[in-house]
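What follows is a single structure, and I will ask about it in a moment.
By letter and in written order, the chains are A, B, C and D; residue numbering begins at 1 in each of them.
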Amino acid sequence: MTKTPPNPPVTNEKSPHELKLQLLDKTLKKSQYQQDALIEVLHTAQETFGHLDEDILDYVSIQLKLPPSWVYGVATFYNFFSLEPQGDHVCVVCMGTACYVKGAGDIVARIEQEFDMKAGTTTTDNRLTLISARCLGNCSLAPMLTLDGSVLGKQTPDSTVAAVKEKISSSSVVGEETS
Amino acid sequence: MNETLKKKRLATVWLGGCSGCHMSLLDIDEALIALVDRVDLVYGPLVDAKEYPEDVDICLVEGAVTNVENLELARHIRTNTRTVVSFGDCAVTGNVTSMRNRIPISDLLNAVYHEASAPIGVEALKVLPALLKKVIPLHQAIRVDLFLPGCPPGSERITAALNALLDETELDLQPHMRTFG
Amino acid sequence: MNSADLQHLAEEEQQRQQQLNLRLFLCYSTPCLSAGADLVKVALDELIAGLDEKQRPDLDIVATGCMGPCSRGPLLRVVERNGSEKIFEKVTPESVREIIGSFLADRAPSVEPLPADFAFFSRQTLIALENNGWVDPEQIVHSIARGAYNSLAHVLHEMTSEQVCSEITRSGLRGRGGGGYPAGVKWELVRKAQAERKFVVANGDEGDPGAYMDRTIMESDPHRVLEGMAIAGYAVGAEQGYIYVRGEYPLAAARLAKAIKDAERHGLLGSRVLDSSFNFRVDLRVGAGAFVCGEETALMTSIMGRRGQPVPRPPYPAQSGLWGLPTLINNVETFASVAPIMRHGAEWFAGFGTEKSKGTKVFALCGEVVNSGLIEVQMGTSLRDIVFEIGGGLPDGGTFKAAQTGGPSGGCIPAQHLDTPVDYESLQALGSIMGSGGLIVMNETSCMPDVAKFFMDFCMDESCGKCVPCRVGTVEMYELLQRITNGSAMDEDLQTLEELCHVVQETSLCGLGMTAPNPVLNTLQYFRDEYLAHIRDNQCPAGVCRLDQIPLLKLPEHAEQLAIFKEEP
Amino acid sequence: MSVITLTINGELVSARSGQNLLEAIRDQGIKLPTLCYLDGLSTRGGCRLCLVDISGYPRLQTACTTTATEGMVVVTHNEKINRYRKMILELTFAERNHTCAVCVSNEHCELQTMAAELGMDHVRYDYLNPQLGIDISHEKYGVDHNRCILCLRCVRVCDEVEGAHTLDVRHRGINSRVITDLNRLWGESESCTECGKCVEVCPTGALFDKGMSVGEMKKKTNFLRRILDGREKNQWNR
């Protein structure tokens, strides 16, 4: 297994990975490498890299001088941290009480069926990640969800599937043009 | 003959298990002779009876409930027996028999009937009773009156249990006499 | 900045605002935003850019936090120079042009504002939420104009720490996170604890599904929370505070971060607060998605960057909290009530509410109710008033079946108890709890065993795994509820379930496990018939459950349902 | 060292000031069940078996996490506590795959003994039968997660006594698992010192010496108190 961080850059050109590591280093420095900043550092790492792979966790463990199993234990305890890369689009369906009594379960079931997937996973073509979340705190919009971060309120299974399909098709057009 | 001296009607049943508990029953040595004086063995792998009879006093059930046949028999036992004993770890906990619960049934049957060294093939499946999705201990199917753990339960446990049941006294097994395994 | 500077700044801003012809407050909280408040803002900005030089400076647009009736968003409040105030609901870019146009032209708008006696507002008593909808949470000067940090200034210069604690004790303020522990007792304990360092922690890890009071307070009026924390810091002798915000609330975290920075810049936090000898720093900690971190000991382990697992109490945080040092931990809403108590006095606050539950409580009213949103009512207000007066009853002719309070730790209150006054003791007597303040109205289409299963699924997922009763017990309870709702349960399962509820309740390590069985026990208490209908008659009265599975003992008659390997010859 | 008096099961007894209540109870010759507590390691209060009734407390308390104090009135056994202990043990058995008959620690297992002692002769709850692996990548030791009860003695001894912190727990709730390093195979662990303390303190057959057959794996925990006394009380003069 390769170890990060790599050697100091020999050229002025920095790879995207190195640039991202720099961002992480900034947070580490800001927290003065305090061990209790682990969750904060993992937040930054996840935002920067999209997910937490083994290299990143190892790097954090070395930088904060924490045992690797400790870091892994913390990273997997919290729902927010994902050790697997997410799909191109992320749909988070709120399963809070208000949303549940207003039919959020049907929305999840419908997406699962439509895209042949299970909540908490990513489709095999990597287009969509479906997450069923604990209350997102927007109960007056029930049932609500977020699609790539934007809030959609008062949804039905049909409206959600339509919105997701639109997201996927609009991005795949762009993808075809650039490829 | 007065009531207390009347012989009790004893049945033994072999569900999903290895018959080791029955072996252990036979292993109680000279106690067997005393037992024969006190019970009529009315059903079980050790006798000829084809049908589980009515009005059984004590039934020792070995093995876990693994298929529909087991389940049906268990129901029948409960209806026709005063005291049902979960006899040995498979009946009490599911034990080795329930280790299949972690394997999908199709994989399991494939491995046994098709990929084994002498494959029997699909024909055998037709006579096989439908398997339950999960193997369960006896008390999860029917009400059980007494638990006798052990794999198999040792002869001293069996003797103690049978004596208590025949004397109609409370069975008080010491901790070392009621361990699993 | 000293107290005089603060006073001066407040007056200056108040005067500026009074000069304005028209002040427009547009609710810019998440529900209104998703209903199109951002488009309204664009239209407003365009409209104002189009005005002539003379009119423009007389106008002020304030993007505020939550105004309350979220289901009627986007909301716009218009305040004229003479102080008259109108609130418009469901505004659109079109209607907002008409509204503003009419005010500028001094004619009646063709769009009707909400009636002045709208019960949603008139039945409320605003203390914690008093600034919501009146300030731009990102403009510290707005808050200062409404008196923010005034109480802190007063406390720092006029009161001893002992006096502050006694004021809180006399006010009767109780923990708003759900437990209802008297805040004053906690403060006093931490104040008396001997230690080199102490901490103040604000619990903003609002995890109950169906509750968003804390989110709204943090998003709409962050300075209120910070001021409360600083007063607490002074009262207990702590120089460091942490505010722990749920990871699901990025906007609240961002606004708090900005508020902390602004307050530090103005000398309202940091070293030598308001030119006194008191130092108080606040650090923001963002959670990462674990409900159990709302439990105070788990929250503290999480602040320390570890797996958010609770530790047995005693020792209580007041004796041994963060890094083993005395720690005062209160809910965000509790801290939001502190500054008004200091401003108006303990007696004033104690004048609201009931004998044992003083003051007001914020609720997130949602579910099957006409006016859903955030409300603040006096303790002791009846459930009927909340649901039918403030909430406006159920929509679409629905019948009230139950109100769920307290989230996964609470229960469902049935119609026969609608007149119960909402306070800590009454709700507990009904087998529910006040909880953090989620209040979800359910109609006849909600199936109670299914609701219980929903909450058990939640608890099972959120169990930290430290103790056996919670880690395994919640899974086993879920399995039993699963059976009841899928038609494969037998009578004995109900008994097993009830027994299990009691053992998990009494033997779990922390509040999560102790209260996880509440939704089951409580629905069994009031809706037992519904459970029995599922088990004995294979019927779901609400029509929610499919009940397509067979009880184990009936399987021999339905052997074809069993999974057996079938292969085409 | 000052001495305190407290009442245990109606008898006035003495204990050391600051003594852990579980130890104080055991000093009276009372068998108080526990699976996660081990003298020498930090206390955890996770197995919930040492729950006792202390006057003045609204709930049952775990003795292992309670300090004995002057005048405390404690009841260690009664009908309710006994029943709860049995039920908790049933849950522990239902959680994973404890097939005693084929376990390396058969007849030498604390869980197995505990069930017999508490009279837990069957489990009323559904066995969860999780799919769990066995890691035998290490040269000397193996871990069988089917037998793990998450008492975390191994994690604590590795961190607190050996100082390696090779072991920790991943995920949470019912999905919790003991892991080595970044969830790697034990045999590939960079931090493991192969000291074997974790194996010895494990109450069940979850951690074992490789090559052991059914019933052969016996654990010994006496080393712990001796080396800790040597270390902390400087009993071993060098």
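Definition applied: a contact is a pair of C-beta atoms (placed from the backbone, for glycine too) under 8 Å apart; a residue touches a chain by one contact, two chains touch by 3 or more.
Just so it is clear, the model here is predicted, and its values are computed rather than measured.
S.K.: Which chains, taken as a pair, are joined by the highest number of C-beta contacts?
M.R.: More C-beta pairs are in contact between A-C than between any other chains.
S.K.: Please report how many Å separate the Cα centroid of chain B from that of chain D, as a whole number.
M.R.: Here chain B and chain D have centroids separated by 34 Å.
S.K.: Taking each chain's centre as its mean C-alpha position, how far apart are chain C and chain D in Å?
M.R.: The answer is 39 Å.
S.K.: In whole angstrom, how far does the Cα centroid of chain A sit from the Cα centroid of chain C?
M.R.: Taking the mean C-alpha position of each chain, the two centres sit 26 Å apart.
S.K.: Taking the mean of the CA coordinates per chain, how far is chain A from chain B in Å?
M.R.: Taking the average C-alpha coordinate of chain A and of chain B, the gap between them is 53 Å.
S.K.: Send over the residues of chain A in touch with two or more other chains.
M.R.: 70, 73, 77
S.K.: I need the residues of chain C touching at least two other chains; which ones are they?
M.R.: Correct list: 290, 307, 462, 464.
S.K.: Give the residues of chain D that touch two or more other chains, as numbers and ranges in rising order.
M.R.: Counting only residues that touch two or more other chains, chain D contributes 124, 126, 169, 171-172.
S.K.: Chain pairs that touch, all of them, please.
M.R.: So, checking each combination of chains, I get A-C, A-D, B-C, B-D, C-D as the touching pairs.
S.K.: Residues of chain D touching chain C in their complex?
M.R.: 44-48, 51, 59-62, 65-66, 84, 87-88, 91-92, 94-95, 124-126, 128, 149-150, 169, 171-176
S.K.: Provide the residue numbers of chain C that touch chain A in the complex, in ascending order.
M.R.: 30-31, 33-35, 70-71, 73, 206-212, 215, 246-249, 285-291, 302-308, 364, 366-368, 372-373, 404, 407, 438, 440, 442, 446, 451, 454-455, 458, 462, 464
S.K.: What does chain A use to touch chain D in their complex?
M.R.: So the residues of chain A touching chain D come out as 54, 57-58, 61, 67-73, 76-77.
S.K.: What part of chain B is in contact with chain D in the complex they form?
M.R.: 86, 89, 92-96, 98-99, 101-102, 134, 136-137, 139-140, 144, 147, 149, 151, 175-176, 178-181
S.K.: Contact residues on chain B for chain C in the complex?
M.R.: 68, 71-72, 75, 105-106, 108-110, 122, 125, 128-133, 136, 140-142
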